[in-house]
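Below you will find the structure I want to go over with you.
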Amino acid sequence: MAASFVQRRRRQIMALGALACLLAAIFVQGRIEGLKPGATAHPLLYLPSGKYLKVAALGFDGLLADLLYLWSIQFYGSYDIKDRYTYLERIYDQVITELDPHYLDPYLVGALIMTAEARNPEMALRLLDKAVNANPDQWLPAFEAGFLCYNDLHDYTRAASYFEKALRVPGVHPLVRRFYAEMYNRAGDKRTSLKEWLEIYQTSDDPYAHGIAWNHVHDLKVDVDIADLTSAVGRFRDREKRPPRHLQEILTAGLLPALPRDPEDRDYLYDPQTGAVRYGGGLVLGR
Amino acid sequence: MLARVNAIALNTFREAIRHRILYLLLVFAVVLISFAQILSLLTVGSEEKIIKDFGLATIDVFGVLTAVFIGIGLVSREIERRTVYTLLAKPIHRFEFVLGKYAGLALTLLVNTCVMTAWFFLVLLIKGMFDPRLGIAVLLLFFQFLLITALAVLFSCVSTPILASVMTLALYVVGHLLWSLDLLAKRLQTETGRILCRVLYYLLPNLGNFDIKGEIVHGLAVAPGRIAWATIYLLVYGCAILWTACAVFERKELQ
Amino acid sequence: MAVLDLLDIHKSYRSHLSIRKYWILRGLSLSIGEGEVFGFIGTNGAGKTTTIKLALGLIFPDQGSVRLFGEDASRVELRRRVGFLPENPYLYDYLTGEEFLDFHARLFGLDRITRRKRVKDLLERVGLGNRGYRQLRHYSKGMLQRIGLAQALINDPDLVVLDEPMSGLDPIGRREVRDIILDLKTRGRTVFFSTHILSDTEMICDRVGLLVKGALKAVGTIDELVSRDVPYWEVALQGVVNGNLPCGRIVSRREDRVLVRVDTQGDLHRLLSILNGHGARLVSVTPARQSLEDLFIREARAASVPTARLEEGHARQS
C-alpha cells in the first residue's frame, strides 16, 4: 500500500525540519568561529612532554610524531598567528623528537624555523646537537649545524668541528669535505686549508670536485708561498739590516730550504725596494 | 581429533568471511592506507616515513580490532546464543571446540592481514618506496594479533561479549604500556611495590615484543634473535592462554 | 539396560549478583528404557530443559549421577549414539542447510560419500528436500525446527533427545514430527522429548513424566497416570421443546439445541431411548475422559503454581 497523503506530508515536514536544523547548525558554527580565542591559545601548545606522550601513544610513537610534525609545520606556516615561537623549543625538542628521535625532518625543519624566523641560532644548534647524538649514522644534522655556524654565526672554527663530525659518518656527501677544508681558510688557517684541499684534489675521481679543489689549491698555495717568502724576507732584513737584493739571497742565507715556485712554475716576483713579494699571475678565485 | 578441530576451524573461518563487519574493517583499512598518501602531501620533508608509519599503524589497529571483535563475536556470541549446544552434544571434547575456534580465527586474521599488507605494498611499490623488511614488521604484528585472539577466546569462555571485549582491549593497552611498569619499578620506594611491579611485568602479555615498526621504518638494524625470541614468546605465552581457556571451558556451565 | 539413568540429581543455580541459591532440581531420579518413547511434560520453569542439559553433559549436577547406556555420561564417546535438538535452536545462519548438516556430520568423522547421502536423505525426511541450498537465515521458524531435527538424526542415534520439538510448527509440521518419532520407535530407537502440547504426548508416548517445580510428580504409562473411567457424558440434542428430561441435567441451551450432562451409562441409555418419543435429534455424544491436562493442572495446583494462566495457555494451544 503506498503511503497515504498524510504520511507523505509528515515525512516531508520531518525532512525539511532536519534540513533547517542542519543549516542552523552551520550558521551557529560560523558564529562560534568568530568567538574562539584565536590561534594563539591553541590547545596543542600545552602538550605534555614526549616522555609522557609515549604512554598515550601505545606503541604508535612514530605515527604520533608524524602527526605532530605535520601539525607543527602548518602552525608555523601561518604567519598571522602572533607569538608562535614561545613554545618552539618545547614542541620540537621536548615533544616531537622525544617521541621519535630518529625522525630527521623535525630536527632539520625545526632548526630552520629557529634560525631563520625566530632568529635564535643557539636554540637551533641545541636541537641539532641532539640530532647528532641520537643519530650517529646520519651526517646531515652535523652538516646543517656546521652550515648554520658558517652562514649565520660566522664562527668558522665551530663550523669546522661540526663538519668533522659529519665526516666521520660513512657515506657522507663529498660536499661536506670541501666545506670542511674551506672552513680553515675562513678561520685564517690557510696552511691546514691547503693541506685539506690538496688531499681532496689528490683523492677525488669526480672531475667537478677535482676542478674545484684545484682552484682552491692554486690560490692557497700562492697565499702560503707568499706568506713564507715574506716572513723569510723579514728575517733576512732583521739579520742583515737590509732587504735582500733578490730572492736567491734568502736561499743562500739558509733562511729557507728551497724557493717555492708559483703554480705555473715560475718564480715569484720580488721588489727589493719595498721588500714585497708578488704573484705574477691572477688568482683563480679572485680574492 | 584433528579432523574435528579442522571441521570447526573451517566452519569458523567460513562464518567470519561471511560476516559483514569483516568487510567494513577491511574497507576502512584500505581507505586509511590510501589516505596516508594525501596526508603525506602536507609534509615538508620525507613523505616516505609518513606513508610507512601510517600504513603499519593501520594494519596494526585494524588487525587488533578484527581480532577482538570478530574473535569475541564468534566465540562469546556462540556461547551466549547457544549454538554451541548442538555442537557439544556431539562426540567432541570441549577443548577441541576451543582449539577449533582459535584456528578458524587465526586463519581469518591471516587472510585479513595479507589483504591489507598487499594493498599497502602495492601503494609503496607504485611510489617506489618499497622495502622488503616491512614484511618482517608485519609478520611481528601478525604474531601480536595471534596473541590477542587467544586472549579474546579466553575471555569469551569466561564472560559476556561486552565484558570480554573490554577486557581484551584493556589487556591490549596494558600490553603496550608494560615498559612504563618497568620504569615504575625502579622508581618505587617500597620493596613490595617493586616486587609487585616486577611480577606484573612478567605475567602480563608484553606486546611491545612484537613492535619493531620504528626500527624498520627508519632502516635501523633489528637485534639478531629478536624475531626468533618473539616467536618463541608467542608460542609459549599463547599456549598458556589457550590451555587456560580449555581448562575454563571444560567445566563451564552452559546455561 | 536403561538408556538414560538419572539418579538423585540435585541442581542449584546462583545468580551473579546474589549469594542465594535457587534449587532447580531436588532429588530427581528418572530412568528411560531402550526403545521407549518418553514424554517429559511440566510447568514453565519446572526444570525440564535443565534435566535435558544434565543428561547431555552441558551442565553438571551438584549431586547425583547421570548415566548414558550404563556408563558415566561425561564420557564424550557416548555421544556418538545420541542426537539432540535444543529448544529454539540458534543455528549458524550464514550456512546453507546442506552445509550445516554436512558440518555436523563431519564431527562424527563420516566420510564424504556417506555424508552426502545422509544429508540428502535427512533433508527429504524432514520435508526440506529442495531447500537445502538456501542460507539458514532465510529459513522460517518451522524450517529451522526441521533442520534442527535433521541435525539431531544425522548420526542415526540410538537415543534421540528433543527439547520442545513441536514448537514453531504448524499442524502439518507437528504431524510430520510425530511420524518421525513413531518411525524411530519402530526402528527400535529411544526417544526422550519434552513438550507443552499434551495431546501429542497422549498419542505417541509410551511413558510420561510430569515435572513440577523441580520434582517428578508422576511418571508412568498414560493408562497408569490417567484413570480410564468416564465420569460423565455430554450429549448434544436438537429439537427439544420443553426442558423436562427424565435424566441428566441441562448444562447449556441455545435456540433449539441443548447440551445435557448424564452421569451414568444407565442414564445415558435411558436418555437416548426416549429421544424419538420427544421428537428430538441426537447431535453428538462425548465421553468426558480425564485427560493428561487434568492431571497436569491438578498437580500444578497442588504445588501452588498459578494455574489460571496455565488454563489459558493450554486452551490457546490445543
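Annotations
Per-chain residue numbering starts at 1, and chain names A, B and C are given in the order in which the chains are listed.
The rule is simple: contacts are C-beta pairs under 8 Å (C-beta built on N, C-alpha and C of every residue); 3 or more make two chains touch, one makes a residue touch a chain.
The shown structure was predicted, so the numbers you read here are calculated from the model rather than taken from an experiment.
Chain B has its Cα centroid nearest to the centroid of all protein Cα atoms in the structure. Using mean Cα coordinates as chain centres, the one most removed from chain C is A. Which two chains touch most often is answered by the contact tally, and the pair is B-C. In this assembly, the C-alpha centroid of chain A lies 44 Å from the C-alpha centroid of chain B. Between the Cα centres of chain B and chain C there is a gap of 48 Å. Distance between chain centres (mean CA atoms), chain A to chain C: 90 Å.
Here chain B touches chain A in the complex through residues 39, 42-46, 49-50, 53-54, 57, 60, 173, 176-177, 180, 207-208, 211, 213-214, 217-218, 220, going by the rule given at the top. Across the interface of their complex, chain B is touched by residues 55, 58-63, 66, 69-70, 73-74, 100, 102-105, 108-109, 137 of chain A. Interface residues of chain C facing chain B in the complex, by the touch rule stated above, are 13, 53, 56-60, 76-80, 82-86, 89-92, 94-95, 99, 103-104, 106-109, 148, 151-152, 155, 161.
Contacts from chain B toward chain C in the complex involve residues 3-4, 7-8, 11, 14-15, 18-19, 81-83, 85-93, 251, 253-255.
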